[in-house]
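Next come two complexes built around chain A: one with chain B, the other with chain C.
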Partner chain A sequence: MQWMTLFNKEMMENWRNKKWIWVPLVLILLAILDPISNYYLPQIIEAVGGLPDGAIINLPEFAPADVVMMSLSQLSSLGVLVIVLMAMGTIASERKSGVSELILVKPVSYRNYITAKWAALLALVWAALFVGLLASWYYTNILYGDLSFKSFLLIFIFYGLWLTFVISIVIFYNTLVKTPGLVAFLSILTIMGMSIVTQIFGHIIEWSPNNLSSYIYEMVIAGEVSSDLVATSVVAIALSLILLIASIFTFKAKELAG
Partner chain B sequence: MQAIIESINWSIVAPFIVIQGILMIVAILDWAKADDFRGARWLWFFIIVILNTIGPIIYFIFGRRR
Partner chain C sequence: MTLLTVNNLAKTYDGKTAVNNISFEFEYEKCIALIGPNGAGKTTILRTLAGLLKPSEGTIRISDVASNDDVRKYIGYLPQYPVFHPWMTGMEFLVYSGQLAFLSKKEAKNRAEVLLEKVGIADARNMRIGKYSGGMKQRLGIAQAIIHKPKLLILDEPVSSLDPIGRREVLTLMEELKKEMSILFSTHILTDADEVSDALLLLHQGNIVESGSMAMLRQKYQTSTIALEFESDLPSYQAKVNALESVSGSHVERNVLQVNATDIAIARQEILAVAAKENWELVNFKLNRASLEDMFMKVVNS
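And now, the complex of A and B:
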């Protein structure tokens, strides 16, 4: 199978340049940073001092659902940034250096080339997300209160769809431009633009992928999967697939033209 | 200060510090074998060692040409 060969080559490559080590570690750090620092916030404030005598600070008590949101918001900002930067050169740098031409001289189909890269990145990001959220789930349980393993799995699956969408955007821009830095810039711009549009037209665009986190929050509180969450997931999957197909077409067009 | 150090439950904070350590060690091992740096070799060493957590990440993303 040609596809498996390309996929294995890609997995090997990601292992050699240590992505399989550092990306999971970074996501673990991001996911547990806020749960731990908020837990120790009273001690930190006390240590820093500088408060007038008798000052009383009321810190909110966090429910497990709030703690999940702390982890997700870190992953959505810094986590997405790291993932975009990690994936920005996947195809772009190979085209720049001419490696992709070497590969594509052989009878390798464009579809296999792109989808193998996409799948290898998804495997990496989903695995990293799993260990990151597992660490966050562990800390939530020992520091704040019970969060069932079933909730954890649902959070993992639904949030994974958001990262799948992010990866699809990056792959798409990878086929469009050859400069890795520009790929990262355009990807971040797109994600930020979508988030602004979603906020402004929130009443119309209810199922924007950017809303996944807030529906996940509702799910953790209510304890059940809402129809909005399912619809948003379907939209996220559909958009990812559309981007993937568009990537194959732009890549074909660019390579044939170049 | 003494009181704070005692009040911290190290079994909670330790994994955090251990992961930062692993990240730095992996980056240094990679750095030791590599010869295709963007910029000066030793500059990357200091970035990895001095900038906690962020240093190794920056190195992994931008450090090598590949």
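And now, the complex of A and C:
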């Protein structure tokens, strides 16, 4: 089947260029960075010379929910940046280099071409997110306090939807322009723009995908999935699919050479 | 039998005309060369036929292909500078492109083995393409273009970037492929076109300025001259030659008498007859056929 051929090629490419190794490692690092450094902060201060006499430092007590938020906020900033940079050339660089001239003169369906790339990126990102959050969950449990495995799974699934949306944005810009750097720039601009709009019009746009993290925080504290979280997830999935369909149409309308 | 019909094809980029209203037909198992100077629109035409560009106007039709069918199934294409995934091996790339053209994995593998052998890079089958030389990439490019046994093979400057040995091998390969499929290729090296193609399309500034078989074009643009060299006394011989009925004129170029004739065959007969009879001190007799270059310049400039 043609779709599987394209998908397997993507998986093989991401394996050979070591993305399957470094992307999970980077996400693990980002996810455990703040939980660990916050826990060891007193020792770190001591080791670098301590505080001046008389100074008192009051470190807040972190609940597991706060620790989860530390991981997610790192993933949402640096993590998203890394993912955008990792995916910026998936179609654009093939067009720029000219490989797509050989591939797309074969009877390749554009829908297969784009959805296979989308799926291969999602497989990578979801796997990397899984190990990243797993590491964060492990340290939360040994350093801070109990966080159930079920909570971990729910955090993983709902946050994965946010990254799915990010990947869909990157795929869309990949079909629009053929300079990888420009793809990254436009994607980051879009994500930042959405974040600003969501903050300013927060009372109107309750279900913006940018709000997923804060609803996940509420979920961990309350211990149950709110209807807002579900609605936001549905919006994130719907927007991702719309972007994917739009990508297929822009790509079909494009001239593939020159 | 017609394989390909191109009707009033035109292509403009940002208001600039690259290809201007061209029409031609193409028969099964023929080899047509598209020749023209750089910027004549050769690559644009080939890319449009391969489906990489959309025609601004006009139609392209392949016989026996239903209108809702994907023409790409029947076309093989090699761009001027083929680029591959450098991390794949030659074998992997061929199997990949075969599978994309709906061969099963097994079929694609068998076919890839055969083709690697045929284009002469079987030894490098498991080497990363990133390490291939330019000539090897060109061969791999031809192999990937014919992996799905297309009816029409489109080659953009297939030999221009190769060394003389590579050129010879690719031309021989094309000669062989001609028996299985139709070939349309572009080149600005006229002798290559002369060697393998059955017909030529001469392109200039987006227009087909001339077309037809080599023999036909030769005859049409016949500009043959006879070059004569004598031991001495050139002016008197020139007068004698000019007096002949079939000779239309002559001029001297570096001690060689260049003779133009209305009919070159008759002129040759007359000159040789007179020379034998009067015992001319002839050193050299040479019939200069019009080269493809001359013909090309003539067509383009007219």
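Criterion: the second predicted complex is superposed on the first by the 250 of 258 C-alpha atoms of A that agree within 3 Å, B and C clash if a C-alpha of one lies under 4 Å from a C-alpha of the other, contacts with A are read in each partner's own complex, and residues count from 1 in each chain.
Please note the rule applied: contacts are C-beta pairs under 8 Å (C-beta built on N, C-alpha and C of every residue); 3 or more make two chains touch, one makes a residue touch a chain.
What you see is a predicted model, and the numbers here were worked out from it, not measured in a lab.
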Fit or clash between chain C and chain B when superposed on chain A: fit
First, second, both or neither for A:98, with chain B first and chain C second: second
First (chain B), second (chain C), both or neither touched by A:28: first
Partner chain in contact with A:255 - chain B first, chain C second, else both or neither: second
Which of chain B and chain C A:200 touches, first, second, both or neither: neither
Which of chain B and chain C A:108 touches, first, second, both or neither: second
Which of chain B and chain C A:9 touches, first, second, both or neither: second
First, second, both or neither for A:82, with chain B first and chain C second: first
Touching partner for A:18 - first (chain B), second (chain C), both, neither: first
Contacts of A:189 with chain B and chain C, given as first, second, both or neither: neither
Angle, in degrees and to the nearest 10, that opens at chain A between the C-alpha centres of chain B and chain C: 80
Minimum C-alpha separation between chain B and chain C after superposing on chain A, in Å: 6
Overlap of the chain B and chain C footprints on chain A, listed as residue numbers: 17
Touching residues on chain A, where the partner in the complex is chain C: 2, 5-6, 9, 13, 16-17, 97-99, 101-108, 255-258
In the complex with chain B, residue positions of chain A that touch it: 17-19, 21-22, 25-26, 28-29, 32-33, 36, 39-40, 43, 46-47, 82, 85-86, 93, 135, 139, 142-143
Residues of chain B defined as touching chain A within the complex: 1, 4, 7-8, 12-13, 15-16, 19-20, 22-23, 26-27, 30, 53, 56-57, 60-61, 64, 66
Chain A-facing residues of chain C, complex: 13, 47, 50-54, 70, 72-73, 75-77, 79, 81-85, 87, 96-97, 99-102, 141, 144, 148
